[in-house]
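Letters A, B, C and D mark the chains as written, and numbering starts fresh at 1 in each.
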Amino acid sequence: MDTGLLLAAFAIALALTSSAVSLGAGRIPQILRMLAMPLLGLAGLSALAAGLVTLVEGGVIATTLPLGLPWLPWRVRLDPLAGFFFTLIGIVSCAVGLYGPVYARAIERGRESLAALGVFTGLFLTGMLLVVLADDAFLFMVAWELMSLSSYFLVAFQHENGANRRAAFLYLLMAHIGGLAILLGFGVLAAFGGGFGFDTMRVAELPFIWSSIAFVLVFLGFGMKAGLVPLHAWLPEAHPVAPSHISALMSGVMLKVAVYGFIRVIFDLIGQFHWQWGVSVLAIGSVSAIMGVLYALMQNDLKRLLAYSSVENLGIIFIGLGLAMVFLSTGHLVLGSLALIAALYHSINHAMFKGLLFLGAGAILHSTHEHDLEQMGGLLRRMPWTGLFFLIGCLSISALPPFNGFVSEWLTFQSALQAWQLDSGVLRSLIPIAAAVLALTGALAAACFVKAYGIAFLGQARSRHVRRARPVPFGMRASQGLLAAMCLLLGVFPASVIALVDVVARQLLGEGLPQTTAQGWLWLTPVSPGTASYSAPLLIVLLSLGAVAVAWMLRRGLVRRVRHCDAWDCGFTPPTARMQYTATAFAQPIRRVFGVLFHIEESIDLRKGGEAHHRLIVRDRAWGLLYAPVARAVESAARRVVKLQSGNIRVYLGWTLSTLLVLLWIIS
Amino acid sequence: MIFTSLSLLQQLVLMLAALVLFTSFALLAQARLVSAIHVFAWQGALVAAVTFVVAMTSHSHHLYFSGALTLLLKALLIPWMLHRLTRRLELDRHVQSLDRPALIMMAAVAMVVFSYWLVLPMIQQEQIFTRNIVAISLSVLLIGLLTMVFRQQAVVQVLGFMSMENGLFLAAVSATSGMPMVVELGVAFDVLVAMVLFGVFFFQIRESIDSLDVDRLNRLTETVEDGN
Amino acid sequence: MNALLIVLLAPLAGAVILALFRPLRWAGWLNVGVSAVSFAAAMMLAWTVATVGEVAGFTFRIDAFNVYLVALNTFVGLTTSIFSRPYMRHVCETGKIGNRGMRIYHSMYQTFMFTMLLSLTTDNLGVLWVAVEGATLATVLLVSLYRTPEAVEAAWKYFILCGVGIALALFGTVLTYFAAQQVISDPETGLLWSALYQRSGELDAVVMRLAFVFLLVGYGTKVGLVPMHQWLPDAHSEGPTPMSAVLSGLLLNVALYALIRLKMLVDGSLAGTATPHLAGQLMMGFGLVTFMTASLFLHRQRDIKRMFSYSSIEHMGLMTFGFGLGGPLATFGALLHMLVHSFTKSAIFVTVGHAAHIAGTQSIDHIRGLIRTQPAVGWSLLIGVVAIAGFPPFGVFTSEFLLLTATMQAQPWFTLPLVTGLVIAFAGLFRHLQPMVYGAAPPGQRPVAANMLPVLTHLGLVLWLGLSIPPFLTSWLDRATELITGTHLL
Amino acid sequence: MDHFLNMAPWGLALLQALLYAALGPLLVGWVRKVKARLQNRRGAPIIQPYRDLWKLFAKEARVAHTASPVFRSAPYIVFVATWLAAATIPLVATNLPTAAIADIIALVGLLALARFFLALVGMDVGTAFGGMGASREMLVSALAEPAMLVAVFSLAMTAHSTNLASVVEYHLNSGLVLRPSFLFALGGLLLVALAETGRIPVDNPATHLELTMIHEAMLLEYSGRHLGLMEWAAQIKLVLYGTLIVNIFFPWGIAQSLTPVALGVGLAAIVTKLLILGAALAVAETVLAKMRLFRVSAFLNLSLLLSLLGLLSHIILEVGA
């Protein structure tokens, strides 16, 4: 067995061991933080190693497991695409392994079941790794549902809160629907391929109509998991209520596993591309991106905000994938692989910064037990490291250079700008519109994270418990530091990263991006140096040089002193914490401009004594337009059906008689 | 089919079968409980008679036995048990007529026609006779079920159930010259045990709802609205 | 052959002894012992069948199909008896039933097992009918065991509806015999399934078609096919919990087994006609309607045992659909589903018994915070429902995967209602389950003495079947598949 | 990146960057002067902004107790990011190495980075006005940034490059071509520039009324050298947008080779063009009135529409043939 696969197996074994030893945590709570969580981190490390080895070697290793159905044994395969996602999962899992012990320690005295936390976290990681590793539909589905199910238990971890239970229910329901859609999609592929192994599906030739049906099913399934609008409603409910490191895993990694699945099925298994598919993916991606960020802006719960922002980022990834599909459908292999790499790059970026931000939110929660932005403020001075790392996360997610989010958005823009190479005028004009949406998304994301960071970390504390916040223990800081460093590394050395990722595109599409790294590690030139170039290393060098120079000159200059005083605030009395701008107020202009897209209930309640209270509820429109009608339909159908069980035995006998008569009538 | 071409015994069988069918109708419409039990006893006797006639025609000995069993069980034992039960339950003066007798009778007639229509495609190798007898027994079966659907009284429901069994016996005897012995014995045993259990349940029901009106057995239902 | 005799005689003797046996303390153990003996004998029988092939004689016939159900029956019978020992003691202590009730319970438990095993092992369609009717009679007393008005009502409905259903099945059997007489002159072999199956092609199509309708409605009532299912939730919810476990886990399977055997005859008879798959199509239709209706029913439940009985209906619908679909893959899937459903559902009912015991009620609205009160019960219930809802890595997923796959290959458009039904059922189960297991426990709620061994055994087996099906089981199921469909899957 | 190790272009690039820094206050002074004249005032001398900066740098900086480290580091980040962004735009000559570091998307990114910190400091001290300014700034930028990117895209798609130097050179080489897409893009970009540089009708750089402020509101707490850097960054930004517009749409005169003559001509050309643009800006600011905040979204939607029209007309009218 090859090194990569061995390491992968090792990672899965470690995750399972972590899960198994956690069973003992009911008796000995320390097991979780002493053993289970470090094992999880090691599993992540092993997965990371497996991924990197595979990416560097670029080979494909496959083997069969002695499990599964007799005629359908479980097969695993580690190819560059899987390796890439192993890397991604590995890094975040490492961070979670660092973060977990501190969290576990905090709840050791609580009523929550530590064993459940440990067991399902281990299974969750196992499931994700197995999904990526699976080489037949059966194992894929088993691993997929294992992933959904174990994360469901983690979402329901703090189940004393009714809202958490509802969120968990919705989550599992949607995951179930999605899983079944994927299963049906595989069914279509298997019907033409003659088997559930991925190898037979790869060679199957599907007619357009059937491959389109498979595409729709698969897109539905993975899109549901990825939280694409309008199937996203579960995501902002479920992700925030899990423990924060689990939210980091869910948002950072599990959504990427959905992306993986989509890439695997569409790019690898179906292997044919039609512009109609590409355009629909592009459209859904664009809608998700814009809606996700707008809803994120409206949130005052930090973790909900992050969850909605995941919808946005997944939208961006799917924009990349849609572009790739459009380009590939028209035979532009290089452009297709550029867009694919942009999507992959954004996947890993999002894993890093969303993981970082969720861990940061978790650190705030750990320190202040507060998730409402309106109660926060001034945390930067209380928790400087978390503040710094969170800032890096915010900068990255807002796609600001020289951080990683910018690189992937830049790549996406670059591939979108190559739309002039397409022959069809319709596509040529649709793609720039998607690019415009992407631009709008980026700008709104910046607004969103200015709000998040500004309200939470800057200004003054808006409540007493937040004022008393303490820095979090080392493990939490280290986990954030790791991911923050990754954000910076991925942002500063894009050319080197792409040199690694390139092998994925080469293996999937048979075409890579030779031009991208042709100019060395310093320059990123996706198409050609004349078309576009970006040098993150130089940028960061110049930025810091410039800042140092300016600071140096000013300091040498006339006055060095800085006097501390009360805030001026245009001469009003020194501002109190209650006079600060609130999160709601911050979002108000954008809420007003984009008001149509929200379901807003706003009113002023006059209470006695002339006190006026402002009430504002911003709801997701998807509820009213999609979810509520379906729920109502099922409910009313159920209401009708139960009339069968009327309680009167004569009616029951009447049913028997009429069934008999009808059947007799049918057969003769 | 030309009726006259049949042998006399066959004519007799058909005659008796027609009477069985008639008793089914009677059972359906009979308002007085005690009379219904009598009608049922007559039906059992008629089925037993059919069995004997068929046994005579086919010279099969085990049919005699089966006929005796039917006579004993359906015409004597079960009616007797029911009689006793009704007396002990103080139901011997119970009268309850059908709600819409004309309509229900029409339905029962429709059942007969339907049964006949059903068996028409059976192109029997030997006898059209058997086909018609199957139609009759099918009608008896369906009318028995109809009785159970339209009569609220638990005892009458049981009568309906037993009359369905009679239909079955009729079919078994006349169309197939009786089932294998072990089966017949088993069926008879089951019927007997069922009758005993019915008796037990009459008392239990009576104890729990103070009546034997099955319409009042309606606690177990799903149709109660939420938040009742 | 000896093994077969022990399989049949052990419960029969047990029933007689238990009916007469006074000391209650030991009755439960004796019940376990008898069940263990029949399980051991069943294993021997299975071994014989696996090594020698079919065992036949005395109008009994054991082949791969029914020996598999025999083993399943005795196994679930054993684990349920293990559960029922302390459970029924507890019931007895609460004064719900007296000594007489306990004797009835134990005796009827074994009688029920006997009738089940008899109906599985017999080759004679008439005896099959007698045994299934006997099973009804044995359980009807169990349903009314508590003597509450609800229990009596449930028992009455169960009795009448199943009685009528079974009467219709008898008519179907008579018609089959009628058709058989034209082919097989010997009246003694005229009802032997194996004899009929050999010459099923010669059976009169019109009669067999008519017969099948009666058999379908008749045995279908016992299977719990909508719209003849109404007895099922009533009987499950009002009877003692161990009985619910065996009803759901076994009786429904046996009724379905009877239906399948008869479908095989009808298929042979109709092979040459214009509608060769009529039986299968009818079963598919019933299965689908049952499946969809039951999944909707799940949404409006207030009683925990009723809810799971609807879930049983739903799964029986799925199996009926699978068998109706025919073909080796679907049949294999349906057989596997039978197995895993029995395991899971009986485990769930056992857990539900504990849950109701903890909460002191069967009302869903009043069962709360099980995980907090007694994690073992809460988690078992949760995991059990997860398994029954078809999540991997549990075996139900495997069988549903196979069924969906088979459907997709044969009738792609039927997958849509199937998938919709699965989702609706899942939602229905979980919306009620979550509040019960999660959340804070009501004040004063205490853990109870619970024997989780049967539950863990069952769930462990289901998990094992989900991860990998052992080769002997595969070949076993495959032989059964071959028996039913005439083709190997592997 | 052939000339990467060549020192001379780097020196020139540095000079150009310094030129940007130097031109910033001048352009602002010029605009104010013209505006004063148009309003029949004498106005301050053109070099007044330099004096203001000098004075600010000489003053003691005051920092509120409630301020965080972000408050003190932000001026440097904002200044350097803006300056670096400006340095990547060809001012006098086209093929300078700085142009390759960041293309136009990266330029927008750098400006966004500056704005991100600007908005953060608005919220840092914890005053109501600062938060208000930040909120409004993010609204304006959220609408302006896509408009700008889309406008730039039509240029980039015409030139098949997002490198500004390549775009400029493409236009120089193709000569005078009347492209409808350029007209729309120019319109869009002009509106964006007004919004992004905080000019009337979106924001009033000379306002003293806190409630109407956007840019100034975020700087209320700054003093001394910090304020100086922030002001300077804003002035560089004005030059940046000016240069972007004039050099992309009217690139003539820019030096394509690094000879002294060409550079001299380039310098003269850019100064002239900027002066004309500055005057136009002054005129516009004199005739227009400031808008209410929620009219601004309509204003910026117009710019987005113009930019999109530019893109579409490029695709339909110019490529399809």
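In the analysis below, a residue touches a chain if its C-beta (ideal position, glycine included) is under 8 Å from a C-beta of that chain, and two chains touch if they have at least 3 such contacts.
Please read all numbers here as calculations on a predicted model, not as lab measurements.
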- Message: Of all the chains shown, whose C-alpha centre falls nearest the centre of every protein C-alpha atom combined?
- Response: A
- Query: If you tally contacting C-beta pairs, which pair wins, A-C or A-D?
  - Reply: A-D
- Just give me the whole-number Å value for how far the CA centre of subunit A lies from that of subunit C. 44
- Message: What's the distance between the Cα centroids of subunit C and subunit D, rounded to whole Å?
- Response: 77
- For the pair subunit B and subunit D, the C-alpha centroid-to-centroid distance in angstrom is 99
- Query: When the centre of a chain is set as the mean of its C-alpha atoms, what distance in Å lies between subunit A and subunit D?
  - Reply: 35
- Using the touch rule from the top of the page, what residues of subunit A touch 2 or more other chains? 642, 644-645, 649, 653, 656, 660, 664, 668
- Message: For subunit B, give me the residues that contact two or more of the other chains.
- Response: 118, 121, 145, 148, 214, 217-220, 222
- Message: Where in subunit C do residues touch at least two different other chains?
- Response: 156-157, 160, 164, 168, 210, 233, 297, 300
- Can you list the residues on subunit A that touch subunit C in the complex? 26, 66-71, 111, 113, 116, 138, 141-143, 145-146, 148-149, 156, 159-160, 162, 165, 168-169, 172-173, 176-177, 180-181, 183-184, 187-188, 190-191, 196, 634-635, 637-639, 641-642, 644-645, 649, 652-653, 655-656, 659-660, 663-664, 667-668
- Task: Within their complex, state which residues of subunit A touch subunit B.
- Result: 642-650, 653-654, 656-657, 660-661, 664-665, 668
- Message: Using the touch definition from the top, list the residues of subunit B that touch subunit C in their complex.
- Response: 118-119, 121-123, 125, 130, 134, 137-138, 141, 145, 148, 154, 157, 161, 164-165, 167-168, 171-172, 175-180, 182-183, 186-187, 189-190, 193-194, 197-198, 201, 204-205, 207-209, 214, 217-220, 222, 224, 226
- Listed in rising order, the residues of subunit C that touch subunit A in the complex are 156-157, 160-161, 164-165, 168, 209-210, 212-214, 216-217, 221, 226-228, 230-231, 233, 278, 282, 293, 296-297, 299-300, 371-372, 375, 379, 386, 389, 391-393, 397-398, 401-402, 404-405, 408-409, 412, 415, 419, 422-424, 426-428, 430-431, 434-435, 438-440, 466-469, 471, 474, 489-490
- Query: Can you list the subunit A residues touching subunit D in their complex?
  - Reply: 377-378, 380-381, 384, 387, 391, 394-395, 398-401, 406, 410, 413-414, 417, 419-420, 425, 428-429, 432-433, 435-437, 439-440, 442-444, 446-447, 449-451, 453-455, 457-460, 519-520, 522-523, 529-535, 538-539, 542-543, 546-547, 550-551, 554, 557-559, 561-570, 575, 577, 579-582, 585-590, 592-593
